[in-house]
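After this come two complexes, each holding chain A, first together with chain B and then together with chain C.
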Partner chain A sequence: MAKIITPGPSGYVPTPAVFEGVQITPPGKALLYGEWVDEETAMREAALAMLTRKNPTIFPGPLVLWGYNASAIEKAQAVLELAKEIPNCRIIPMPDYRPKYPKINPEAEINPNHPNLTILHNRIEACIFVGVHCHYANLSLRMIRAGTNCFTIALCAEMGHEDAMVSIRDVHAEKILELRDMVIKVREELGIKWEPKLPPENPSLPKEHFETLNIADYGDYAYLLHPRKGETVEETE
Partner chain B sequence: MPEQKVVETDYLLLEAPRERKFITGSQAMAEAVKRANVDIAIAYPITPQSETMHLVGDLWAQGYLKDYYRAEEEYGAMSAIAGAVRGGARAFTATSGPGLLRGLEAIASWPGHRIPAVLGVLTRVVNAPLSIQPDNVEISYLMNCGMVVLHAENQQDVFDFTLASFAISEMVDVYLPIAVCTEGFFVTHAKGYVNMTPEDMKLPPRDPYKAPVPPTDCEIPPARIQRDAPVQKSNFMSYLIHQVWQQEVWSSNMRAMKYIYKYLNGPIEVINPDAEVFVAASGCAAAQAREAVRYAQMEGLNVGLLKIKSIVPFPSKEVRETLKNAKAIIVPEHNIVGWLAKEIKANIPNSDNVIGRPRVYGGMTLPVELIMDEIYAALGIKKDKTVLV
Partner chain C sequence: MGLEYVKISPGFEKYMPKDYVDLVKYGQFGKQIDVQQIDQIKELVEEHPMCAGCYMAYFVRIFYASLPKPEDTIVLGTAGCARLALSQAAVPFIYGNYGDTNAVASGLKRALSIRFPDKIKDVVVVAGDGGLMDIGFGMTMHSWFRREKFTTIMVDNEVYGNTGGQESGMSPKGVQLKMAPKGKKFDKINAVELAKTAGCVYVAKLAPTNPKRIAKTIKRAILAARELGPTFIHVYTSCNIEYSIPTERVLADAKEREKNDFGFYEWMTDEAKEYLEEQEKKMAEAKT
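And now, the complex of A and B:
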């Protein structure tokens, strides 16, 4: 199989996979190194990468991190189930898409404006993007391919990502659990001994104390929380 | 207004029964908007415009649109369209010539902001001197924005392209604005037959959560998700983020091609694929080119038509394939700069065969005879010139 999209570093100006003729797959198919394959083949390669490459890490985005709806919560639980089965897996969140000033804490988070910093700092050689909006996932995947040797896996709720080494589309909780099962299977085939456990605590973003939280804590964004004059907010989504 | 029922996009665009009407290009665009479940239209309909936005205003008065207003000028109109779309609405506007250029700074920012709006461009001359005549030089200014640019030949194209554009622009892997261009007066003010989908059917509403970016800044918990921050806070930008962001816009533009195949029967139309000489044209010039090809075939000449519907993304592969054996490629245009001839030259190996004539501009019509003259010259046929007194 011709490998069009492989781990980098591919240089200062990465050529987008689309420019190289890679196309998003139809439903039921997945992308592996830029070629269309069946999902099982792609999942096997993804599992192999997460089990054999250094410092495997899952990057959950806002669509998994925040409980927008029942589906998001279910998906987040499935991500934890997957993380438990990958030896020494870490979870580093992409909680939002703002550029962070003066710089991010690369041990605590990953950011689409410079995702390479988190990858390089933690020497991550295999990662999974899940729950990141497609635009920002594509930016991140391309930058990671440009400047790092990380093997990228995209679990996309929509149509998938040409710039990932493995891209699986229409991914919801059920398909994440399928990938978990594939991880267990490949792990056993490789003879890797592992007791399922959650990833270690992460020196994450500053704790938010919801009991004492007030509007001032939201800084520049506080105005977004103020109801307009005369407006009564009776229910939220 | 009749009660409209929502039907599946594929059904409306590909299968729904059609009724034939004799209407202007402006009416065709408004009829498409009527069936597109549009939330809001915003415009600054000053001369030179077409009556398109007046007709869309009527649609609002009849209850087809939720909102419509006249902006303070084009820059305001185009900026407000961006705001409405980012807030989750399906939006439409149209403009012409100088108005397009006045709004261009805002329009050029739409693709980067991932704004799936539909923009009607009813072409007129660009100042100076001031005029209201048709001329499509303004399309050349749109070609490098990152947006999808379609060029309609006639009233039927205007209807089909506009309605399909709402669906294509909102595809998650595209999510870009689409300009539906056609010639002012020649198409907008002239009547033609249009096969239209039923008036009581409309597209499904926009789902702003099915998107490659968060739909709003302020309604998504927690408030700190700021979709626009990397766009607007230049002091935090690295070259790399801007680089990959631009790449994403143009990648998305290329992804639109598969939907142009699905909903518009492909980006090109070819008549007589084995022709010795091709007339390659877009928009209204394609109608005249079609007529010239018909004349030529009546004279027994081996001439073909290449009509290009999609200017951006440009169908490079298809154009190369069609023109690979052509001895001459005549490109008639309604502008002085010859943007289509340049684009074709840049995309084929035998670019010396491209004849960037005839060109008419300033509002002149494009007589079929001018194209015929080029066909005769390309085939080495000598014709006596008749001087009319």
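And now, the complex of A and C:
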């Protein structure tokens, strides 16, 4: 099979996939390395990439992260189900598209205006875009192909993305669960042992719940916060 | 937009960056906040790449804290300093080509009123003196002539600060700038009188020295624009770089200008006055 769209780095401004003759697929078909294939073949290749390449990561976009209707919530649940089945998978969100300068925290989020920062920082070699509006997915996918060696998988609710190595169209909750089943199948074929579990939390979140924290939670160190009876604290650091 | 757009999907709370979790928990969405509570909320804009000591950045911060319904607001800007901070806020932002903000805002407001006939959607243009009174002059004036229902806020730094210090129509007469070494030969445009003549129903001019007053003015302008017609606020936001104002003197400069030519001025039509009194009464009742 001819591979037109392969993982980068393909240069500072790579030729758009469309200029290389890649066309979006009709319903029921998917893109694999720029060629039209059936969805099952594309899903198998996507599953293989997420199971075998380093630091697989899911990048959920605003259409998944914000529960603005029942379908978004359902899709979000399906994404979590998928994440559970991919060994050592991480979720790094793209909550919106606003430019963020002077910098973002690449461990905590991905920004479509400079997605390569997050990918290079975390050494991500396989990723899934899901719930990202098409115009920003196009921008990000091409930037990723330009500057990184990441294998990109686009789960698009519309017509798909030419610049992704795997692009599946009309993806809603049901199809995400199909991909999950494919991941389980390929994982078993490869003999990878894995107990389903959710990825680690976002590292930017505080480890303690300050709102419900009690002085007793500090154990032996509680006296540092609360003077004992009769004790007078004269000096503090 | 709407409040449903600022609720995290169940299960994803622990995958969101802290900024967004805080924005949902402690932000101003769905709440009426007093601008003096700004230190107790998660602000809509925090980081920005504007110059140290920039008074426009301060105004943008107060502007966002003053929005009556941030979850249903769209902000428009254009080339210039303000958009550097405006575009980083947690409120949808549209970047118009230089000068066409009010034309884009007109179309947007009309489209929103067709798409969401039962909802209030606020459209606010925040652009500089170059964007509104020089290059965008025609489109600004015509949006007012057409009585388009949105708010225009001019952040007037009296210079083209981004491009090296050319004089603008709003630079004061006689001022010497890097790219106007002989001094400006013409008077500053009287934007406030133009707005009144062109059909704005609420017009104000201020130097941002008093946050409460800024908030009240912005709220009034947005409320009046919802129902009655175009509204305009002219704000002095000095450029400390091009006018060589030391950072620690920026506020003192604003106060000085307030005493001289930027004293607080507010004008509204009788209809707007009646409407705002009624709205403010309702808001006060809702608070108690």
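Worth pointing out:
The working rule: the second predicted complex is superposed on the first by the 203 of 237 C-alpha atoms of A that agree within 3 Å, B and C clash if a C-alpha of one lies under 4 Å from a C-alpha of the other, contacts with A are read in each partner's own complex, and residues count from 1 in each chain.
Simple rule for what comes next: a contact is a pair of C-beta atoms (placed from the backbone, for glycine too) under 8 Å apart; a residue touches a chain by one contact, two chains touch by 3 or more.
Just so it is clear, the structure is predicted and the values come from calculations on it, not from any experiment.
Touch criterion met: A:Ala146 reaches chain B, while chain C stays clear of it. Of the two partner chains, neither chain B nor chain C is touched by A:Ile4.
In the superposition on chain A, the chain among chain B and chain C reaching more residues of chain A is B. Of the two partner chains placed around the shared chain by superposition, neither chain B nor chain C is touched by A:Leu120. Touch criterion met: A:Pro93 reaches chain C, while chain B stays clear of it.
In the superposition on chain A, contact is made by A:Trp66 with both chain B and chain C. After overlaying the two complexes on the shared chain, residue contacts for A:Leu177 are found with neither chain B nor chain C. In the three-chain superposition model, chain A touches both chain B and chain C at residues 66, 68, 95-96, 98-99, 101. In the complex of the two chains, the chain A residues touching chain B come out as 13-14, 16-19, 23-24, 62, 66, 68, 95-99, 101, 112-114, 116, 133-136, 138-139, 142-143, 146-147, 158-159, 162, 218, 221, 224-225, 236-237. Against chain A, in their complex, chain B makes its touches with residues 114, 172-173, 175, 210-214, 217-227, 229-230, 233, 236-238, 240-241, 243-245, 247-248, 250-251, 254-255, 258. Residues 60, 64-69, 72-73, 76-77, 80, 91, 93, 95-96, 98-102, 105, 108-109, 199, 201-202, 204-206 of chain A are the ones that touch chain C when the two sit in their complex. Interface residues of chain C facing chain A in the complex, by the touch rule stated above, are 2, 4-12, 14-21, 47-49, 84, 87-90, 93.
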